[in-house]
Each structure stands twice: as C-alpha cells, then as structure tokens.
Amino acid sequence: MTIAFIILAVITVAGTAAAMGMRNAVHCVLALTVGFAGVAAIYLQLDAQFVGLTQIMVYVGAVAILAVFAIMMTHSPSPTKPPTYSSYWLMGSIVAAAVFAVLAWAVVSSGAHTQSLPSEPTVSVQQIGDALMHRFVLPLEIMGLLLTAALIGAVVIAMDHNEEIK
Amino acid sequence: MTLPLDQIFVLSKHWLLSFVPPIAQPLASAILSVVPVLIAFPLLFAITTLLERKGLGRIQNRYGPNRTGPWGLLQPIADGVKSLTKEDIVPLTADHAVHFLAPIFLVAAAFLGYAVLPIGRNMVISNLNAGVLYFFAVGSMVELSVFMAGWSSRSKYSLLGAMRAIAQMISYEVPLVLASVVVIMQAGSLSTVSIVEKQAGYTGIWPHWFVFTPWGIVGFALFMIAATAESNRSPFDLPEGESEIIAGYYIEYSGFKFALFFLGEYLGMFATSGMAITLFLGGWSAPFSFLTWIPSYVWFFAKLLALIFGFIWIRGTLPRLRMDQLMNLAWEFVLPTALLNMLVAGVWHFMPGGPIRWLVCIAIVAIPCTFLTRRLKRKKKFEVRTYSFAE
Amino acid sequence: MIGSGILKGLAETARNFFGSYVSKDRLTTIQYPEERVAQIEATRDFPFLVYDGPDWHDGMRCVACQICEKECPPKCIFIEKSKDKKPDAVGKPQAYPAVFNIDISVCMSCQICVEVCPFDAIKMDVKYDLSTDDRFGGLLLDKKQLSKSNQYYNAIHPTEAAAVDAHFAEERAKAEAKAKAEAKARAAAPVTPTPILAQPVGGEAK
Amino acid sequence: MNSLQSYLLLSSLLFSIGLAGALTRRNAILVLIGIELMLNAANLNFIAFWRFGPAPAALTGVMFAIFSISVAAAEAAVGLAIILAAYRHSKTTDLDQMNSLKG
C-alpha cells in the first residue's frame, strides 16, 4: 500500500464517517463532499481520469448542492432538538458492522491480494467516447431517456400543487 | 519554431531544475510551474481592480481613484494594506469552522482551474487528457464554498445571496458546458493543449480560430454570457445585489477574508475568460500570421485583458437583471441556442465548404433565435399598475 | 435586431469613457480640496459671532441676553453673562458674554439662534471642512474661535449683511440724534457720553 | 504496491458506513445520502476490478461506473424531490415521525 493510497483512504473514510455521524445536517453534507472528493482522487489514482472528474462534477457539484438545498428547504426551526439517530440505531449499527465483517472476511479470504497491478492502461477520453458511441450506444440512449424522465419526474413531484397559496 | 524569448520561462524552468537533485525533480518541477501562476494571477487581480475602478469612473464621467500614488496607481496596494489591517469580525452565532474555511476553499477552487489553462506555448501546468472536463468539474466546486459562506454566517441576507448565487451558477453552468461542447466536437479532444493546437494555423494572414465560424461565434457569445453569470458579474450580479441584499453571501465577512472573496471571484472570472480564450480565441496564438514573433504568453494576457475590458464595459453599461429575467434568459434563450449551436457544429462538420455552408449554419441559429428573443421581448409588456390601497 | 439596445448602451458608455478624457466639462466630480464649488449666498452651516471694528472682544455685538441659549433646540450653546458692562454696537452700555461656547458637534444648523437674536450678533457661517482630530474639545468652539469680523460677514452674505448694517446705521443715527436732543435739552449737562465705538465701525466705513 | 484487496476493503468499509447511516439516521435526506455512499462503494469496486482485471482496454468497468454515476444522479434528484413533497405534506423530514400511511 502506498502512502498516497493510505492518505486518500483515511480522508475518504473520515469524511464519510463524519457525514453519517455528525449532528448538524449541513455539516454532514460538507463532510460528505470531502468523502466524495476522496473517492474521486482514488479513481484518479486508479487511472480512471474521466470517471474521477465526472465524480467530482456530479457528486460535489450537483448532488451535494441538491442535498444542501433540500436541507434548507425542509429546515424546521423546532424548539426541542430531536435526537439525531433513529430509535433502532443500535440494531442498525450492528447490522452495518456485521455486513462489513462479512464483506471484509470475504475479501481477505479471497485470492484478491495475490493479484498484481497490471501495466497502466492507456485510456484516452476519445476511447471512452468511441465506446459510448459504438459498443454502449444503447445503454447511453436508455440513460438519456432515464435522465430526462428523472428530470421531469423530479420537477413534477417537487412542484407545489397547492394552487390556493399563490 | 521555438523562439528563445517565447520559451524563456520554459527554458529558465529547465535551467533551474538542473540544480535540483533528480529525486526531488518532480516536486521542484511542480513548484516551479505552480508558483508563477500563483503570483501572476493575483497580480492581474490587483491591476484589474484598479482598471475596473478607473474604467467605471470614466464611463460614469468621473475620475476614479487618483489619490494614491501617481494617477492612483498605488491604489491596489493601499486596498491590500487596508484589508489586511482591518479587524476580522465573525458573527457570534456563526459556524466558526465553516465560516473560516469558506473563503479559503473558494480561492483554492478558483486556483485549481488554472492547472489546465495553456498560458503560452508549452506553458501549461498539467496537460490533462480530460482538461476541459477537469476545468468544469473544479468550477462546480465554487458553488459549495459559496454555500458554505452564506450558510455559516447565520444571516438572512447572506443565505439569500448564497441561494441566489447557487441557483444562478447551476443554471448557467449548463449553457456554459454546452457552449463549449461545440469546440470539443470540432477539435475531437478534451485536452486544452490540443484544442489550442487545432487553431494554430493561418489562411493567408487570418488565424484558424474557432470564433471565426458560425458555431464558434455563437458559442463564444453564449459562453461569455454564461461566464458573466457564472462569475457573478454585472448585469448578472444578483447574488451581490447591493440594493436588495447588501452584498449577498459575503456580507458577514470583513477584513482579509472579504478580500479573499473578491480575489476568488476575480480569479474565477480570469479562469473562465482564459477558458474562453483557449476554446474560441486560439489560446496563445497570434491574431495575424505576421505577428507570431511576439511571445505567446503576451498574446494570452493581451486577450485576457481585452476580455476583462469587455467585462468592465458591460458592467458599466447594463443594469442588473431581475431574478426571473435571469432565469428566463438562461432556460429560454441561452440553453436552446446552445443546443441549436451543437446541431450547427454537426452540420458544419459534414457539409462541404463554401458560402452555402455558412448560409445554412447561420440560418439554423438565426431563425429560431429571432423567435426566442421575440418570446423574451413579449414578456416585457408594461401595464398600468393599479394599487389597492393607494387611492 | 437582437441586442441592438445593448449595443446602443455600449456606444453611449464608450462615448463617456473617451469623452471624459477629451473634455473636462463632462466630468461631474470636483477634486475637492483643490477645487471647490462656488457657494450660493444662502449657504449656511454653523453659527458664528459677529464683531464690529478691529478688536474682536471690544466690538462683539453679543450682549449675553441668552435668548439663543434658551431657544437652541439641541442645547448646544452655553453662555455666561459678564458682571461689568461695555457699550454695544449702538453705543448702549450692555453686558457681554464672559463665556460663549457652541458645541458644533451637537449643532444641527437650524438657524433658530440667528432668527431670535435681537442684536444681529449671531449669524450663520459657510465654512464646512471643520474636521479635527480632537473628538470632543476640537468641536467645542469658544468665544474667540466663534468671533468673525463684520467684513467677513459682508463677504459671505452680502445682501443680508448690508441690510443689517443699514439697520445699525439707522439705530446709531437715532441714538446720536437722541443724544444730541438730550444734550440740547439739558444744555447745562457737563459731558455727553460719546459712544466709544460709534465712529470706526466697519459697516459704516463702506 | 496497492493490491486489489486494499481497494475492496476500502469499498466495503464505505458501503458499511453508508449502510449504517441509512439505517440509523432520522433525517430522510441523510438516509438518501447514505444510499448514495453505498452506490459510491459499488462504483469503487467497478473501477478497481476494471483496473486489476485482465482487459482494461475494454473499458467495461469505466462504462459501468459512468452509468452508475448517472443513475445515482437521477436517483438523488428524484429522491430529494420525493422528500420535499413528503415534507410539504407532513412538515417534517424525520423518518420516525413519518410512520403513518394515511399521512
């Protein structure tokens, strides 16, 4: 394991753990962006430049902003602070820990660690474009359709149907 | 063709690197590439603040700053000293950590974009394969710092300003990217260096800049509109809106942090202008073939200053838009035109050269544009207002 | 055409930009400490005390009647009456202010003191750049600082000052006539009290 | 040198953190974010397997990751829209209070 990977992994885990553990929802989202950026850096380390940059653009630039907007719009200043965690938080953390134990056990006991890093693949953006336009053109089109549907759906759901207010 | 004067910075960097032991060379090389950018652009910021104040003054028939030094030339230094020595006030209820981090994050995000800008021949910090994508990815991080600033201040003005700023930046990021897509389509590359190289040739004395094509000029115009909105410049400076929300998201900042916000905003403006130059105005290449003897970085900064002057001119001319006008412009005019422009770029690519190609391409953009602007115009109908309580 | 309005506006600002370098008439601002706008006659800001003749103390018109002190809305005038008496502008022996202070950091330039003064002793000044580095003492003006000559008053408010001077001349003439009449009536009277300051008044000299 | 194992362990840790968040938080938005984190962990697996796999030139892992990111973006948009609609209805984003079907 290189130092760079360890640093990135620590940043990512710390960011995401803070995102799931902090009290203030906005702090959570800000910590989450650190975690997302760490994941993006790990993508870059794995020579997946395009995916890493897309990760930053989509998660840091869009999803995090969307989340803080949603937090702002749903913020209700209540006099009594509700507890941060749900009533069955103990069960939830036990389940999560168990899932991690099983996954880690599976990973460690598999032969994955023997696999050595192959030589660096030369992936230019042009190749990704070619692949998107030839081999993966059908998924791409479906994805476009899905995104359009999601866009329209999100607008329709979030729209205020209560006309009397206006 | 490597003129020594043109390559003086590259050569001096190599010369300096020869003194560094080989093990430290990657780090030294990175430092030697980054530090000049970290010096040059804040310096440009200082010059621009003076130019802007002077230019706006002259536009409004005033003198502008003329007291500090000869013709007010030392004004930026005075401003810097002033903001450094001012008291740094943080609101009592503010979220101190986030409040402190926001300006730093903004400046850092603004600086990151310069990594892929070719400011001269062989003068780019990192020739990324996906340079343009990197630029826009980093640019989207600015919104987050704006939000951090607005939210952490615990002031309704700053929160309103941040909300406006984010809504505006998101709305205009779409046309910004779409306007640059045409260049990527034609250049066949996301690398800024190869995009500039694609525009390097000359026909006679005229350069092959992308702006001299129908899709290029339209793309450039849309890009500049979106860049103005993206960098919160007038007439799209609603997030600041002095008359409505005082100064928007950085109202609760004072002293050096406030100066950092200004620095970040101007750096963002320079970066987007630099990207416009790279994409449409041939990057560092000379405007005429007989002027190629002038060093490439001079051309880059000359173009940058020209665009900055354009920004100042626009700021001195146009009044601020209203929020709904701003959004209407983005979604009803700029975005459809950018989409049409992509069609034009495709048509241009596949049609044989000649005047017919020009005519067809212009027609594809111009005719729908006329209808789109009509639509925008129709909404401007003024009516006699009736007041319910004023009788 | 799309954007023709914007182009028109850009042309206008460009004309301003270059025009401001060519013709100075376009410039709307004044370079303040060096250049000043000519003041109109009705300009006023803070009150001052008028004196006649060469000496500020002897020629002071104020008789310390304290009307202005009572009328001043923000109460920025402070007067202490003198014990002895001296002849006033007309020649009558009157008290004079031992202390006359105006705190112009409190003064609101309402001109009420001027309106109520029966002796035309307090008038409005036009000097406006009164900034000082002494926050409290610097703006509390005493009798000496407040005193300005009648010539100065004539210079800043010529019409008004001329009317005042005419009025005083009339009063003085009346006083003299009365004195003469009295002198004639009591021919045996030993000495006529001549007003000390009746003759060399600046207003009369004009 | 980094092994595939380390990436897989990191991704499983991310997945568990996301899962823990989704199970224990009361705020609906943060639950959604936990789900996003789980998607991210899966993406990391795609990229890691692509990088260590036999044929990186085929770009399958990268394509999966790209499509997965797009789906995640769509999911976030719709999910937050639903949360907004629910908030408008019940005036809360607290999942423990949103427990009645009638509303």
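A, B, C and D are the chain letters, set down in written order, and residue numbers restart from 1 in every chain.
Here, a contact is a pair of C-beta atoms (placed from the backbone, for glycine too) under 8 Å apart; a residue touches a chain by one contact, two chains touch by 3 or more.
Small disclaimer: the values here were computed from a predicted structure and weren't measured.
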Which of A-D and A-B has more C-beta pairs touching across its chains | A-D
Between chain B and chain D, what is the separation of their C-alpha centroids in Å?
-> 33
Between chain D and chain A, distance of the C-alpha-averaged centres to the nearest whole Å | 5
Intercentroid distance (Cα basis), chain D paired with chain C, Å = 80
How far is the middle of chain A from the middle of chain B, if each middle is the mean of its Cα atoms, in Å?
-> 29
Where chain B touches two or more other chains at once, the residues are none
Residues within chain A bordering two or more other chains = 50, 54, 62, 69
Linking chains that touch, what shape results: line, ring, star, complete or other?
-> line
Every touching pair of chains is listed here as A-B, A-D, B-C
Can you list the residues on chain A that touch chain D in the complex?
-> 1-2, 5, 9, 12-13, 16-17, 19-21, 25, 28-29, 32, 35-36, 39, 42-43, 46-48, 50-51, 54-55, 58-59, 62-63, 66-67, 69-71, 73-74, 76, 82-89, 91-93, 95-97, 99-100, 103-104, 107-108, 110, 112-113, 115-118, 121, 123, 127-128, 131-132, 136, 139, 143, 146-147, 150-151, 153-155, 157-158, 160, 162
The residues of chain C that touch chain B in their complex are 2, 6, 9-10, 12-14, 16-17, 19-21, 26-29, 31
Provide the residue numbers of chain B that touch chain C in the complex, in ascending order.
-> 55, 58-63, 313-314, 316-318, 369-370, 373
Within their complex, chain A touches chain B through residues 24, 26-27, 30, 33, 49-50, 53-54, 56-57, 60-62, 64-65, 68-69, 72, 124-126
Would you mind writing out the residues of chain D in touch with chain A in their complex?
-> 1-10, 12-21, 23-27, 29-30, 32-34, 36-37, 40, 43-44, 47-48, 50-54, 56-57, 59, 61-63, 65-67, 69-78, 80-85, 87-88, 91-96
